[in-house]
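Have a look at this one before I ask anything.
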């Protein structure tokens, strides 16, 4: 229980110095859920939310990928890194629950957990935005990390 | 149940035309929660997470405010708007549950719900980022809208 | 032929002062074309480029809308403005010619031509990016303004 | 003719995983043209558009370089990469035709074609913006790739 | 001496609420200086730093204008606003002292001082960047506000 | 005295080609000062500017770190690079003089001086912004480089 915070050196916030760390292949997978309101049920078709002609999930996938690439701008102490890959997958589960999975990969000195989490969050916000004309009875639920490899301690094998 | 989607005109996604809408004062309040792991308990002091000397919540507040201002860049079909105010408040509840409240205000033709939700989400992601050195057993929970005024249909009195 | 450049005052580039101009409703429509290579013919289905399962045009529409909103960051002497609407429509014409139409609208002191042109260009670049795995024999052709209303001199009918 | 699309995996758009690709030196050269209206003829001097005292081409060069660096933000499925060099050259040809050449270079796992094309496009849009006070009879023509080295298949030797 | 800080409400930083403020025309003029090293003397020609063929000051003017437009992204508690005008003027004074003047204007609810100061600072940094190949013996000096009109208290007549 | 400018090749500005340079560990430390007005004296407590409850310096530190990461967007001819570390330290000296030190580090082909200088400048502008409600009698003074290692010519001991 004596593990030290790595973000805070001495007196003030600063980005951790990753200069001495090795470059390894890193992956992270994050998950988020969006609970849609009952009003949406009639707009679902073939696993997508078909709204007149624009597919909601496809738009959210694009937004999530772009959001993941901008993590370093949004999260103050995140390092800049060049992602090898970002993917966002969205599935509609029972009871109008939308599951969002975002995977990020890089070859770098620091993990890509925040990139995966940010990609999932931005995709979730975009689903919210595109469905809110019907009802604001929408909840973004349980954003968390499922898996992480390539760092000191892996998670979720 | 014949309410139409406003984001989708004809064939493809587009931003809703708000040209004919009146300028009104609009507010929105969103809420998010972050469940911290038990390991964090000993680092809490005076309602903040005191980590050596960097206050986690203060950093997340700044990130949330900046994130709210960039909503139009992150969410593809959101309109640009000039916020009159953004505030983010963060409180530590029982059982290591962090409550984040983000309020956004503008005088404009379209609501500021997405700005409030984005501000809350970016603050939550920042809390996650600053605590993850201890454990990834962190969950961002229940991001939702509490209140909205100034549009056609108000929410949350 | 003595009309003066409005971007250049005295010695150096500066944004035109639009402080004395009235706020009017302004629209602009721009057009761009992308000539695809013959190799693409077999991947077209129902007016879209169906590639396994990702629709190219839908991605380009999202990119174009987002690009239009960021015109003021890309074009040095453009004013910031809050668009009332952006839409991008993409159609496949004969002979693998892709037509992109971008419309931008705002209530403001300055025209939205550059926003429409930037939206069309970013959509065209995205079509290029998504098709280039097949062949780089792609050309973005004839990006121009079709129509403009709300300013001193209207264009297009 | 069985070459597969690399941007689309399974169901939805995602950035190609370049994690297994080698880092090589990559270059790309793109070209764009802007056809100026006759009204501009009298404002040209020494190969530049001399407008009172602000040089149009110099401004467009700066914009093009900055635009190339932001390609990953504009084009949804482009990878982030750190360019070793960007240059934009602009020449006035006969008949008021402006030729823009943009060269991008990096040491990376993926090509820099989109960076060169984006730099050329943003420079072309900037030329348009700075000349449009005279006439909107301007056309951006023939944006295409001239050369590409360092990847699997080189173009334009 | 009981004037209250307007940026800080209760417990934590937040953007001031300007919702009740009137829209007025606002201007601000900021000044910065860059002291160049002696080595630069031979590269100055006609009031510019002529370096082979690229004019340093022109590049810095473009950078300053673009920087002013992005003030709200850089300064956490600044409001978004749409500038009516930004101009940057640069003059070479005696003894290799570069004077930068940035003027910002808007019609809005809050002042444009930070926009003028940010524009001047980014221009100064750009002058530094373009001259540093000769010597790092460069100092950015005395960035301050010269004038401000349109708010509660004007400065600099 | 025949050292050539590296930013300017032939006719026009371009980013220097760093493709042939080796990757080395690079550091830079920059310094800036902000002279506060006398009115601030009563608001200082424990080395911070305590304003109701928002700490000014902490906000400026966050802004400086984020600003350093965005140097390549602000300074036209700067290369993109992934910083290993950024830190900003702020101390209050005698006579209401605020000293800002920004350190940037990367493993790259080009120096990080501009990142350190930009981080210091953005932090200084943020201090200005948060104190200006009291008085605009504030001056940002003496922004300069203190140290630089890892390149051809080191500076600072």
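The letters A, B, C, D, E and F name the chains in turn, as written, and every chain counts its residues from 1.
Everything below uses one rule, namely that a residue touches a chain if its C-beta (ideal position, glycine included) is under 8 Å from a C-beta of that chain, and two chains touch if they have at least 3 such contacts.
Only a predicted model underlies this, so the values are computations on that prediction, with no experimental measurement involved.
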Go through the assembly and pull out the chains touching chain B as well as chain E. C, F
Tell me which has more C-beta contacts between its two chains, D-E or A-F. A-F
Tell me, please, which of C-D, A-F or A-C gives a repeat of the B-E interface, judged by over half of the contact pairs matching in residue number. A-F
Far-end chain from chain D, centres as C-alpha averages: B
On a C-alpha centroid basis, what's the spacing between chain C and chain F, in Å? 37
Expressed in whole Å, how far the mean CA point of chain B lies from that of chain C is 31
Just the number, please: Cα centre separation of chain A and chain B in whole Å. 15
Which parts of chain D, given as residue numbers and ranges, touch two or more other chains? 9, 11-13, 54, 58-59, 62-63, 66, 70, 73, 76-77, 81-82
If I apply the definition of touch given earlier, which pairs of chains qualify? A-B, A-C, A-D, A-F, B-C, B-E, B-F, C-D, C-E, D-E, D-F, E-F
Looking at the complex, which residues from chain A come into contact with chain F? 9, 11-19, 72-73, 76-77, 79-82, 108-109
With touch defined as at the start, can you tell me which chain A residues reach chain B in the complex? 1, 3-13, 32, 39, 42-43, 51-54, 59, 62-63, 66-67, 70, 73-78, 113-114, 117-118, 121-122, 124-126, 128-130, 132-134, 136, 138-145, 148, 155
Would you pull the chain E residues touching chain D in the complex into a rising list? 54-55, 58-59, 62-63, 66
Tell me, which parts of chain E touch chain C in their complex? 25, 57-58, 61-62, 65-66, 69-70, 81-90, 105-107
